[in-house]
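What follows is a single structure, written as structure tokens, with notes after it.
As written, the chains take the letters A, B, C and D, and residue 1 is the first residue of each chain.
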Amino acid sequence: MYNGAFLPSGSPMHTNHIKVRGYHLDVYQHVNNARYLEFLEESRWAFFEDYPLVEKIHGHNLAFVLVNININYRRPAFIQELLEIRTRVAKIGTKSCTIEQTMYLKDTDTLVADALVTFCVLDQATHQAVVIEGEVRELLEQMSL
Amino acid sequence: MYNGAFLPSGSPMHTNHIKVRGYHLDVYQHVNNARYLEFLEESRWAFFEDYPLVEKIHGHNLAFVLVNININYRRPAFIQELLEIRTRVAKIGTKSCTIEQTMYLKDTDTLVADALVTFCVLDQATHQAVVIEGEVRELLEQMSL
Amino acid sequence: MYNGAFLPSGSPMHTNHIKVRGYHLDVYQHVNNARYLEFLEESRWAFFEDYPLVEKIHGHNLAFVLVNININYRRPAFIQELLEIRTRVAKIGTKSCTIEQTMYLKDTDTLVADALVTFCVLDQATHQAVVIEGEVRELLEQMSL
Amino acid sequence: MYNGAFLPSGSPMHTNHIKVRGYHLDVYQHVNNARYLEFLEESRWAFFEDYPLVEKIHGHNLAFVLVNININYRRPAFIQELLEIRTRVAKIGTKSCTIEQTMYLKDTDTLVADALVTFCVLDQATHQAVVIEGEVRELLEQMSL
């Protein structure tokens, strides 16, 4: 199990809110485990949008490819609860990059879930993972400050 | 509300089975209304696969475009129930085609849901709906016998 | 197919916005037909929340039960598009109630989808549909003005 | 990232098949990352069904609570591909249990994804995690042989 070694709380990050609805729940009356991954994806798109990340990546004929998600389910989320999802670039490796996402009950310290989401950068012509460098690396570094 | 005028029960059709799982349910402990549409879509793909329908359509540079779904929710479906989805071509119009799908509790007369699903056939070059004719019409007619 | 006879445009209604993301799409690169029903459900919950509708219903030991959805798919929705979903109570019958929901590209007249969503009101003790009257009827009437 | 240390290939396991459909894909024309978790959940329910695991758990007034999913996305899955999901109990700890699930293209050695899924066993009266022992432990051990 991943033990979150979170970045300092002063670090910049993206914050997004999602309200739990009846259709997010499953037989246990909690948000279903797969639905959390949609909440995380929604929040990553919103984060990337604030930077020209997707455009920059595509402009270099590259693509992000998801290689791993490691998610801890800390506390069930119930109907009507308002979740705050915080997203940031946690680590930039040679050929991969890890996004950290934490999900809190809004205005509380109650952690609902946290996840590390790891991508490779793929050259769309060769379909090979490439070294993260140049403009793309600079942008990711800005997103992790 | 659509009042099902079902084809004679002797008509050919496609039959598919789906077991209700915990993640299909929502806050009401019934299968969620949107999930039924996935069950119907799953069953249509399986039906189309038995004929070379998709290949034939694409071979003529055409595409099916969904224009309407009219679904009656007759009785909630609960966890562990086994659903039988019956699918057939119900009506072939000039430029549209209607698929009828009914969902029963397997081995019973209990109707869970029924739907009419209407498509147009689109020319992928002009993006206009076209008259359903020739090979495509013949195939749809076979699928409605 | 349902031909929308929309209420006068001056009528009050609830408005909600959803941005189309990559995970809403399917093989056709359009929002998947089932996903629209989640967009509609999200918007209904947000509408109901603005009134104490759900609390009032439950307070009388009643429940809303979905009986029909009739949805027209007018124009595909693509990634990054911002949808405006407008929701109102369109018709209050003796034992059922119909919600009308229309989905536009925000700040345009481009209609993406429209739907009629019909509910019955069920007595949770007897599991029978009941006449919509008293406080519940009054509240629904307020929501349809 | 989890580096799969798979159990010997001779170990018993549960096998399930899912065909990739158009509605499983997203903007990248691959199965969406969240959808894999539904494929895994479907396969776990089918596995548990073959044993009286859920009944046994509930009979002791216990519940399984998901605490972590660690999933590697090894190779995108495309439309029409037939996936084989193999599921087994990989590890039984004092208070938690880990299920291993691997997803292959059927009849090939092509690994699409693999995941470790970790549960705690919760006493439904106290809402505390309890030691896995007695009948439940014996059953899990049978499922891991």
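The working rule: a residue touches a chain if its C-beta (ideal position, glycine included) is under 8 Å from a C-beta of that chain, and two chains touch if they have at least 3 such contacts.
Values in this document were obtained by computation on a predicted structure and should not be read as measured data.
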Remotest chain, chain B as reference, centres from CA atoms: A
Pair with more cross-chain C-beta pairs in contact, given A-B and B-C: B-C
Rounded Å distance between chain A and chain C, as computed from the means of their C-alpha atoms: 31
Centre distance in Å when chain B and chain C are each reduced to the mean of their C-alpha atoms: 23
Centre-of-Cα separation between chain B and chain A, whole angstrom: 36
Multi-chain contact residues (two or more partners), chain C: 22-23, 28, 32, 34, 38, 41
Chain C-facing residues of chain A, complex: 21-23, 38, 41-42, 45
Sites on chain D touched by chain C in the complex: 22-29, 32, 34, 79
For the chain C and chain B complex, residues of the former touching the latter: 1-2, 28, 32-35, 37-38, 41, 63, 65-73, 76, 118
